[in-house]
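Please see the structure below; I have some questions.
Each chain gets a letter, A, B, C and D, in the order it is written, and its residues are counted from 1.
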Amino acid sequence: MKRILAMLLALVMVFALVACSGGNNSGGNNSGGSGGGSTTKGEEGSIPGVQKTLTIGIASDINELDPQQQNDQINNNCIALTHQPLVFLTNDTNEQVACLAESWEWTDDTHLIFHLVQNATFNDGSPFTADDVVFTFEKAMDPDQSAVAATLQLVESVNKIDEYTVEFVTKSYSNELLAVLAGYPLVILSKAAYESGMDKPYTVGTGRYKFVEWKEGQYVKFERNENFWGDDPGQADEIIFKPILEAASRVAALQSGDIDVCIDPPINMLEDLQKDENITVETRDGTRLFYMGFNCEKEPFTNQTLRQAVACAIDRDMIIEVVLKGLGKAQTTVVNRGVWSFYDEMEGFDYDVDRAKQLLSEAGYSEGELAVTLYVSNAAPYTTIAPIIKQNVEAIGITVNIEQFDEATLKDKCQSGEQQMFLWRWNVIDRLDEIYTELFSTDYATNYHQYSDPYVDEMAVKVLTEKDKETRLQLSQDLQTYLVEACPQVPLYVADLVIAYNKNLQDTYLFGGGNHNWSWAYVSLN
Amino acid sequence: MSEKILEIKDLVVHFETDDGCVKAINGLTLSVGKEKTLGLVGETGAGKTTTALSILNLVPSPPGVIKGGSIELDGKDVLQMSDKELEHMRGNDVAMIFQDPMTALNPVLTVGEQIAESIMLHEHISMKDAFERAKEMLKMVGIAESRAYDYPHQFSGGMRQRVVIAIALACQPNFLIADEPTTALDVTIQAQVLDLMKELIEKNHMSMLLITHDLGVVAEVCNDVAVMYAGRIVEIGSTEEVFNSTRHPYTEGLFDSLPNLKEQGEELVPIKGMMPDPMRLPEGCTFAPRCPYATEACTQTVPELRKMGGTHFVACHAYDDPSFRLRRNANG
Amino acid sequence: MIRYVLKRLLFMIPTILLTSLIIFFAMKIAGGDPVKQILPENATVEQQENLREEMGLNDPLVVQYARYMAGLITGDMGESYVTGKDVLQTFMERLPMTLALGGSALIVACIISVPLGIYTALNQNTWKDTTGMVFALFGVSMPNFWLGLMLMLLFAVKWKLLPSQGAEGPEYLVLPALTVGLGLAALITRTTRSAMLDVIRQDYMTTAKAKGASHRRVIYYHGLKNAMIPIVTAIGMQFSLVMTGSALAEVVFSWPGIGRLVFESIDKRDEPMVTGAIILCCILMSIINLVVDLIYAFLDPRIKAQYSNKG
Amino acid sequence: MSEKKTVSVETLNEYKGRSLAQETWRRFLKNKGAIVGMAFMILLVILACSGDLIYDFQVDITGFSADLSESPSLDHLFGTDQLGRDIFARVIYGTRYSLIIGVGSVALGLVVGLITGSLAGFYGGFWDQLVMRANDILYSIPNIMLAVVIVQLLGKSIGSLLVALSISSATSFAKITRAAVMTIRGQEYVESAYAMGLPTWKIILKHIIPNCLSPIIVQVTLAIGSNIISASSLSFLGVGVPIPIPEWGTMLAEGRTYIVSEPWMCIFPGLAIMFTVLALNLMGDGLRDALDPKLKR
């Protein structure tokens, strides 16, 4: 009996040992002897003066690397390394420039022709041709195979004209189609890879890096694509994305040198980071608009004047000061600052308690009569914004109860219209339809405002299809003025993008909304 | 008088607890001769166990404090020994058998290990060799060698006490302290264990201090008897002397409270009252409050041991009056 | 003994059944609509309906549960809504990490606590006792996440001695293990102390001293061997505390273990992952309890005898 | 030695007529740590009760001022937080929430644990199986995960937090009660009470509960502390006490990103938690020593 026990204990020990070694050597069998996701602090890679590994500490977990099965920013950051779209969105002018397509033209209202680059290859060495493009989009348009089919609703078919020319047939002209095609879910996949029956065929792309491994919850690792077809390949030998969800931990990891880049450092830790001589804190104009929305279908906010009264009660400057320590910009309009046709000159509803009280009585309510609930996510910054809004709105005599949910629940509740007021954000870089259609068009799933107005629906389509730039600008600005007056939401601020990194980090390609492209970045050792 | 193996002089042991000072032993003097067995008799709480522990210098401290006196073992004062000397002495020169065999054995070690430990510690041999010796010891106390691998809970009370005896005798000490070795056992087993002890002591030429409250056991095993009350010896002498010419009223009380099988129908005479609170011992003779013979003088001073002839000593003021006789003796 | 183990394993079945029942229905109620989670927000109603039918979500809950249990028996616990990965496989990938963390935390805790417990017991009711206990209580008096952050700021950021994040080598284990271990120290110190207090008053300790064993030997050989029984029991009884501590440390130190998996899945309402992980946790804990009981038998021959008598 | 102790205590009781409670109290008083702990807890209870007299919830606690993120000064002893709220006021006012959560969850757990534990211990058989299996389950799921699931299920509020936290306490109370009941049930005085025809519930109430009081009292003090800690851990995971209630754990979790720039925002709530839990633990340890006859000297 003792022997049996001894064996059992031995088993337990072996188990524990395996566990330990499993923990210790995970991914340790990789090139250069560097541990799976560890930073090779100061270790030179194959390019002189370039640190071998670039490690990026990210704020949320990567959950999917199949481009068409997702549309999360953090996954897109990874996909941007390994794949390329037809057209590339620049981060300064918000224009689409050549990438896998050399040039393109609308031949008429329903035909868009792309001329493809002829020397491109996938990271497995196979050439890139029109077949891959057709394959990619046919797959993308099939709702059974793709999660982003809805973004291509306008496209009827994609046809191969010759080896390096493809044609998109659309239902109508669209100002936004190019921008859609620049999105990372629609990067070009390798038809050959899919047909070869390989595991994870979606990892084969034309980008500067190659997928190596994904240790769930730990890191995703990429290595430089030595077969890259272009003339500006990646610099760092490896790029590693490491999810560190706890913000304070992420900053600590940057300061201790365990990561080279810290995405989303908490605003209140910036001062300390700025003092650190090894760290650069970069801020640039953001594209993410935070707002408080009303449910326009549910009492009492079916009342437009009441919505305006609440809007007037909110002190945006205070919110920016408290939440962002000033690193953000207030705005009146619903279009994100920086997006083409952004127009902020309308009168709107600035912070004015007297006006708010007056509007409240115009809306037919007396002070102290109303009690409303505000749904918020239990994450930053909403937990900080919510008490301010509560205080602000209660100052005009409307009691506010805050209810907190996790984001998934909050989304659900907002979609089904349970909320009265809610806090949310919307990131838009260049597509107006992402605002007019997705936020304010009748019955659109992400229209959490439950806002429905035939005029807005009609105008949204006009803005999308109007070819004359001047007219379009006018339409868009009129629509903004209209929406601000209708007041389905109180735009609070656009937060600046803040990112902290090793001071030797070079060649970053950052976007104000967070869709960064790290293909060129590296840590210089000089 | 023959040579002494143990001489205790004026031993004072107190327990200094938070509640107050418990005066367990208050100037105890006794001695045990070589190859002799002394029976130490007294009520529960008289300080018998403390005396035994003092001999091994094992009075738990805190709260126990040995305030004064000396304990000479073979001429060496135990109280002056260094830790090393003490460790060497314990188990090797002096061994102890404890009252309750149920708790005296370590439940998580095999009995063989427990016997062997003592041998290993004192004879500096390997555990393996010691274990073989332990088996022999088991055989000596009448337990099959194969049971060396068993744990204490697998033994009955009498068997356990045999194991305890085996532990005590493992290193052939020349002095054995047995603290009520049979109290916790069934009557039938008691006799077996006593016989075994007697036999082994004679065989090994050992001396023994036998602590008990059973006067029958004393009569059977001991050469000498010391009667203890509230931390002092009140009467000491050869078994014959103490039994046949009892001098102290307390000893008399002990005999009177024993049922006598020969004279059926005789009423038992319990000693009235209770042992005094060891924190508040009465002035003078500590037995005075319960003593049927007590006089004014008894509450004044503590009586010294006085010689009553031969090796017989008694501590009682009553003998200031030369004509004093205990009732028991007067009648008998 | 084998029969005893088998019997215990059999006893796990109703526990697992009940757990799965409760968790399954709880998650069905709390989890929200899986279809909305899998499909993009702008999916059509038709798409949603198709998927719902395909996943069998239109069946009564009881049928869904039966189907789930059938899967469970064959080791198929479904796929994550978020990553699409197999639940069992994901759990098994994370399991070694949690075991490594929990195990080393226990070792850390024992290294601190057992000597401290003995020390305080031997000095009962003195200032040494009080100081020792306050020291032991230090870790349990603050939330684990907070302790972890403090340790990280000191050891990783300020002194740059240890890595702050991740799980790529033994050195990465130090800070999380220390965090969890300090949290457990109070419990083990307390148990050790009272077990030792109990043990040092036992007669067999006097027997050992009377044999001539040194103070050290008496305490560490005779005493500790007996005191280990309540200590191991306490650890076994509180294994959920180890898991809780690890779970929080995993979040702070980005340690890819089960705790983090569960929290993140709950946050994303990844229903199959949460349901599966919690059922698997339950099985894991039952096995750990069994192992603790066996260790217990190993330490205490009286218990061992009981088992062999029973079966 | 052991006989000596019994004698001295028995005689003491006889001479001075001290009850067991008095004896325990006297022993408790000898433990310095326990006294400090108890004094601190009394202070906290006073603070918790008087919070409303000193502060106005709307103005001082949830209302913010222009003094954003100020370091500790004479005006603001503990500084102010990111919304300009006085941290001293919030910590003082928060006492009640932390205590309510700690005490409330333990009380809830205690009631459930006592009832189920006595049922299981007294009736055995089916009840015992039922309670013990339920305990097994609750016990095989790590507390914090269970709590997160429960809060998720019931929605984020103090009430659901109480329920979530009480579950882990309930299991340990049920276990203690059951074990105590099972030992005591077989004892003669209970059997004689039974023989005298006392109804079961009365026997449980009169004979059994008082006899398992001491482990329960100790467990209560310790559980209050650990539940306060658990509450803050839940806040860290985003399912704690809803804002803007100034519960310590929430403040600590909220303030953790300010640890470098404005450390006072999390240090003071952190210290409040630490001292409270430390005090409770010292008190619990003192009680354990005082109540356990084995551990007397």
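The rule we apply is simple: a contact is a pair of C-beta atoms (placed from the backbone, for glycine too) under 8 Å apart; a residue touches a chain by one contact, two chains touch by 3 or more.
Just so it is clear, the structure is predicted and the values come from calculations on it, not from any experiment.
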Where centres are the averaged C-alpha coordinates, which chain has the largest centre distance to chain A? B
Counting C-beta pairs in contact for B-C and for A-D, the higher total belongs to B-C
What is the distance in Å between the mean C-alpha positions of chain A and chain B? 87
At what distance in angstrom does the C-alpha mean of chain D lie from that of chain B? 50
Let me have the rounded angstrom distance from the C-alpha centre of chain A over to the C-alpha centre of chain D, please. 45
Which residue numbers or ranges of chain D touch two or more of the other chains? 30, 152, 238, 256, 259-260, 297
For chain C, which residues are shared contacts with two or more other chains? 145, 149, 153, 251, 266-267
Where in chain B do residues touch two or more of the other chains? 53
Parts of chain C lying in touch with chain B, wherever the complex brings them together: 202-204, 206-215, 217, 222, 225-226, 229, 299-302, 305
Can you list the residues on chain D that touch chain C in the complex? 2, 30-33, 133-134, 136-137, 139-145, 148-149, 152-153, 168, 225-226, 229-230, 232-233, 236-238, 249, 252-253, 256, 259-260, 266, 270, 273-275, 277-278, 281-282, 285, 288-289, 292, 294-295, 297
In the complex, the residues of chain A that touch chain C are 1, 4-5, 8-9, 12, 15-16, 18-20, 22-28, 35-38, 57, 61, 63-64, 69, 71, 143, 147-148, 150, 215-219, 242-246, 248-250, 252-253, 255-259, 406-409, 411-412, 415, 438, 444-446
Show me the residue ranges of chain C that touch chain A in the complex, using the header's touch definition. 1-2, 32-33, 36-37, 39-44, 47, 82-85, 90, 93-97, 99-101, 103-104, 145, 149, 152-153, 156-157, 160, 163-170, 173, 251-254, 256, 260-261, 264, 266-269, 291, 294-295, 297-298, 304, 308
Along chain A, where are the residues that touch chain D in the complex? 247-248, 251, 266, 268-272, 321-322, 378-380, 383-384, 386-388, 390-391, 402-406
